[in-house]
């Protein structure tokens, strides 16, 4: 029983991680709080849903398309909105992304009605692994594995490619990056795009077992904030472990203290950890 | 021209105009908007003390708002104690809570602090949802009694509510202004600009941040009481929600941070805007009102990144200059 | 002219960051009314020592006394309140506030009312020749004025002793001269000074004593003349060129 | 090679530089000296595109560059070694250098430049895989210069390399700069250590509160009354 | 700082714009102009907007029936255009969005009454919104007919002007136990252990309180509570919740969940192999036709009370015709809560018609003393008690069988016999 709970917690945690990775990336590079992050997740889920409904495309097959859609959406968000507020003082960027979140969410309602939708017959639906008393849903397993893969892909990209190095450079000092001949505007837009692609992948993976509706990104986005801070802003590894920690504490805390408290426990864990590591688990 | 006098005159002018408005239009919905406007402008002022002045971003002010609302409501609902006393008790309780939660939060800086306040508010919300004594998730319908000043219930007119809101708003604004112009204001701003420089100037940063938090919390709580008495129903989802915290943040940022005019201007724009877009477009059921609302927020943020106040006092024309360069010079 | 009353006493201070030793067993003292300079190569641990003295760091070992009271590990604001304050190498102007507001903020430490604070601020602005710029936002000052503002703000707290961290770096010759005069002026007002500086030309003439740090350790503590001829100091820090130049200026001026 | 005509520029609409004109010819080492706050850094930032001029023209290899974004200017062959070094502390020395070569397309080119740079700075080769923030101040300054060289610039802008360095290191870094100049690099140096900068330079300009007040060869300037009085304390 | 003067200007500008906007509203034509306005306050945006929008369609359906001529439908107001007793006056429903926020519900109620001059209010779906909104109606002396708000507390407040169509959760709970008793007696189902799974908000918590209360009356029948699982209102996964339920191994699960979480639970039940005998759902997610659409075969055998089901259309021609109109708008069949709000619209219009005026006192008199024909409900009629609660429970127990909500109990309106035990998930 305990094993089951721990496993479920870890699997859920990895999906949280992926959502948080996208968030922490732009946070680290641009110091922007993107309140619309969860709504990109929702857009990705709808993308997958419509591809599935209209073209009978399996969510896993349409994953790259969803990632592309959110990449473009995110890229455009930078070009049209963030670019204008990135130099503004304090909380203005937050104001803008909050407005964006409101807009996307309600635009989704306008276009697609507020109905809850589900993808009922995907490749992984209803499949499961049974090992003794422990049961693992294949959709969750695939989502967790997908999250890990995507996270490592992002890390690899940042560490080992020219664009990745440029992202790192822009994160540390924008003007010096410019002096290297780096088009920081483009790099920022690409970073935003990658962040979008991360939630895009997360959305596609989630779509196989999570209801799809205009508000479905809201909770993930809130948890992602906590995870990002828990891991240390801008730290991708931190986001990965933070997500798992949150998934675990949610599952264990919920089981032992009452499921209604599971998110309260998550917040409590955040406060506790930060008492000892004021800059997050991996913060510098 | 004496700058200080001019500023005082402007503030008084604004205050008088606000006071007169609901008497110029007896429309109930307009007066409702005025009451809500004052409540949120006041909340913005209170929040501004800790975030605008002291630079400690709080995403958790709904916690104090809710504590204010619940304290007076419980005292009235269970013991029949006048909400006025409840308002004071709420302010005191919020102050105490603010001290308790500040202790772990002030160890954190910047975004870590902001998320921590959010976490605290969410935890408090969950406690209230699960707390049977305060009726938990089912919420409390405040028993309707005859209208009177003591019961803080008025059924025939909104004017008394407006006046109470006005007085609270006035107290809050004047408190903020007093702080801004005196030692505490200078100290808070010094903390905002540079923690280390402030320490080197002999400022006990933790203590002053704590003071700011306490004042801010107490003022926020009084509006909670009024809000509960005004709606006559509360539940945790309504007063402790992140939406309340964010609304306060948004309108203050929209108006301009760190200045007593900011929240007034922000609330004067945001509250009527959200009210009237909903009134005129909300009935369609397609979310058009919030779409437009969201788009307008984006628009303001993009074209006036310093808040509306920034637009008014734009001295330096090239505002999107290189921040890095300035910081580096 | 020295009153042999120790203002500041640093006893065997050691400071570590992980395995990196920034200060090792450093001891020295500053007497009332003195100007003492702390010099040493980059990375010698001067700023770290400053941070230990003013309470920004808690030393790993050793004790620090100010006017005979143990201030080791006390928070910076308490130390400032006792009368020991500092400026920062990387200036930290309160950017959104005007010059006067910056100084006012410091003045509130001793003033009980706004009026009194204003008075102190005016005086200090006058003394540091910032009066003409008092309504400018601190963020838009030139680097020289920002350094001056750092000093002004520190003075507004009514200190008995001020510690200046590279307050002259980046100033031109004229400005350095002004700064030197300011230091002497402060000394005449009875304020004790501890200065970290690179510009030898500036500090040698005004210092009563020079303490030299190298790689975290104190290698010299003597009068300027003695220090400049100390072989170890020259090797570690000044380099041959300075040696030559100082000789030249001895003859030249 | 570089012509600056009637340049006015500054931050946030506040002018710092007024009507400044100068030029740098191929192969020269030119110094702009002046105290901090005179606007030296501002000029370099405007040349490299970090700041946009309020008025005036900047021409590089007969091309107007004053409206170009910074990254395009780098491609044309101007490298700017910023004041205060600004190495990417969280990245390795090697990654820092590779970023310097960001504008180079071919991998073989990059490899070649890297080798050349390592030859000038053997010390950096030793520390190739160390994080830049763990380097000492002098090493960081060298890294900053080396990084500037990585883009194979035709013109190297160097800003205040003596800032925050102990005297012994200043000498060392200046020697390196001389060496690079000797190899044929055109250099525009901005410095407040007037003596050292003018000693090295072919030609120099003296900047005071945003205006050029004197120009000439390094020697001429060193001997001028103006410089002697204002900067040498004589 | 000096240029702060324009601040004043902006402030005045904004507020006067607001002012003028309101002024126009106020000079609306008088209500006797042949149009009777009724306010409908619904959650049209936010998390519950899926339901809110459907309720809006239902009320529009009612409006169409009342204002148009539909002789084919056996309803008093459908046959003639408009309200016959008010010279064929038309009824217009004014929709307002409360965004699931009590403050907004209150202010919208005030606005509708004062600015739009509505003769009555209906709504608000969320009990938390219905509470303050109906208090406004009380203060102004305007009738409020709630359709689908189910909190028992609503009718316990002693309000004079408040009535409600839907059975409240206390009544539903009784129905649950009676149904289980029926299964035990008739089919020997052997149901004893009960788990309650509920969302942590007013709706869920109140439902659970009712279970705690009612189960005392059914102790003799052997029912016992073995688990109560409360989950947060906005939930991202229900793994832990399902673990807890599985550990308790209940025979019956009572669900108070919305459509999204309900669906997640069902999927998890399947994944974790949780097989209770019966799952009964309070008015909420289960009743939404989307439930069957999303879950397909997995939705089978779930059960819950419902004001209607498509299986009943055959038996009830009036309902079938109403559904035709509704389906054209909404694209789905009419469901329980929707029908209850439809009923609230019909009832208030009928009450005004019978009163022959919009005089609130007269309308209230009709509401409280008359019985209304409701051929679209199984009960066939609506009558409000002293407290304003509809005394005829409008619900039947339904169970999904082969994707259809079949009426299974009481036997009088049965369309299919109930299936008293879940088959194993892999044996479907």
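For clarity, chains are labelled A, B, C, D and E in written order, and residue numbers in each chain start from 1.
In the analysis below, contacts are C-beta pairs under 8 Å (C-beta built on N, C-alpha and C of every residue); 3 or more make two chains touch, one makes a residue touch a chain.
Every value quoted in this text rests on a predicted model; they were computed, and no experiment measured them.
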Centroid-based (C-alpha) most distant chain relative to chain C: E
Greatest separation from chain B - chain, by CA centre: D
Interchain centroid distance [CA atoms averaged], chain C/chain E, Å: 74
Geometric centre distance via CA averages, chain C-chain A, whole Å: 49
Chain D and chain E: spacing of chain centres that average the CA atoms, whole Å: 74
Chain B and chain C: spacing of chain centres that average the CA atoms, whole Å: 43
For chain B, residues that touch 2 or more chains besides their own: 126, 129-130, 286-287, 289-290, 321-322, 325-326, 328-329
In chain C, residues with contacts to at least two other chains: 143
Chain E: positions in contact with at least two other chains: 45, 49, 52-53, 200, 230, 232
Residues of chain B touching chain E in the complex: 1, 3, 6-7, 10, 13-14, 17-18, 21, 24-25, 27-30, 32-33, 36, 126, 129-130, 136-139, 141, 144, 155, 227, 231-235, 237-238, 261, 264-265, 268-269, 272, 275-276, 278-279, 282-287, 289-290, 308-309, 312-313
Interfacial residue positions of chain D with respect to chain A in the complex: 48-50, 69-71, 74-75, 79-80, 82, 86, 88-91, 95, 98-100, 102-103, 147, 151
Chain B-touching residues of chain A, taken from the complex the two chains share: 27, 33, 81, 84-85, 87-96, 98-107, 109-110, 114, 173-175, 214, 222, 225-226, 229, 233, 258, 260-261, 263-264, 267-268, 270-271, 274-275, 278-280, 283
Contact set on chain E toward chain B in their complex: 1-8, 10-12, 14-15, 17-19, 21-23, 25-26, 42, 44-45, 49, 52-53, 56, 94-97, 99, 101-104, 106-108, 110-111, 113-115, 128, 131-132, 135, 138-139, 151, 153, 157, 200-202, 204-206, 209, 230, 232-233
Parts of chain A lying in touch with chain D, wherever the complex brings them together: 162, 165-166, 168-169, 172-173, 175-185
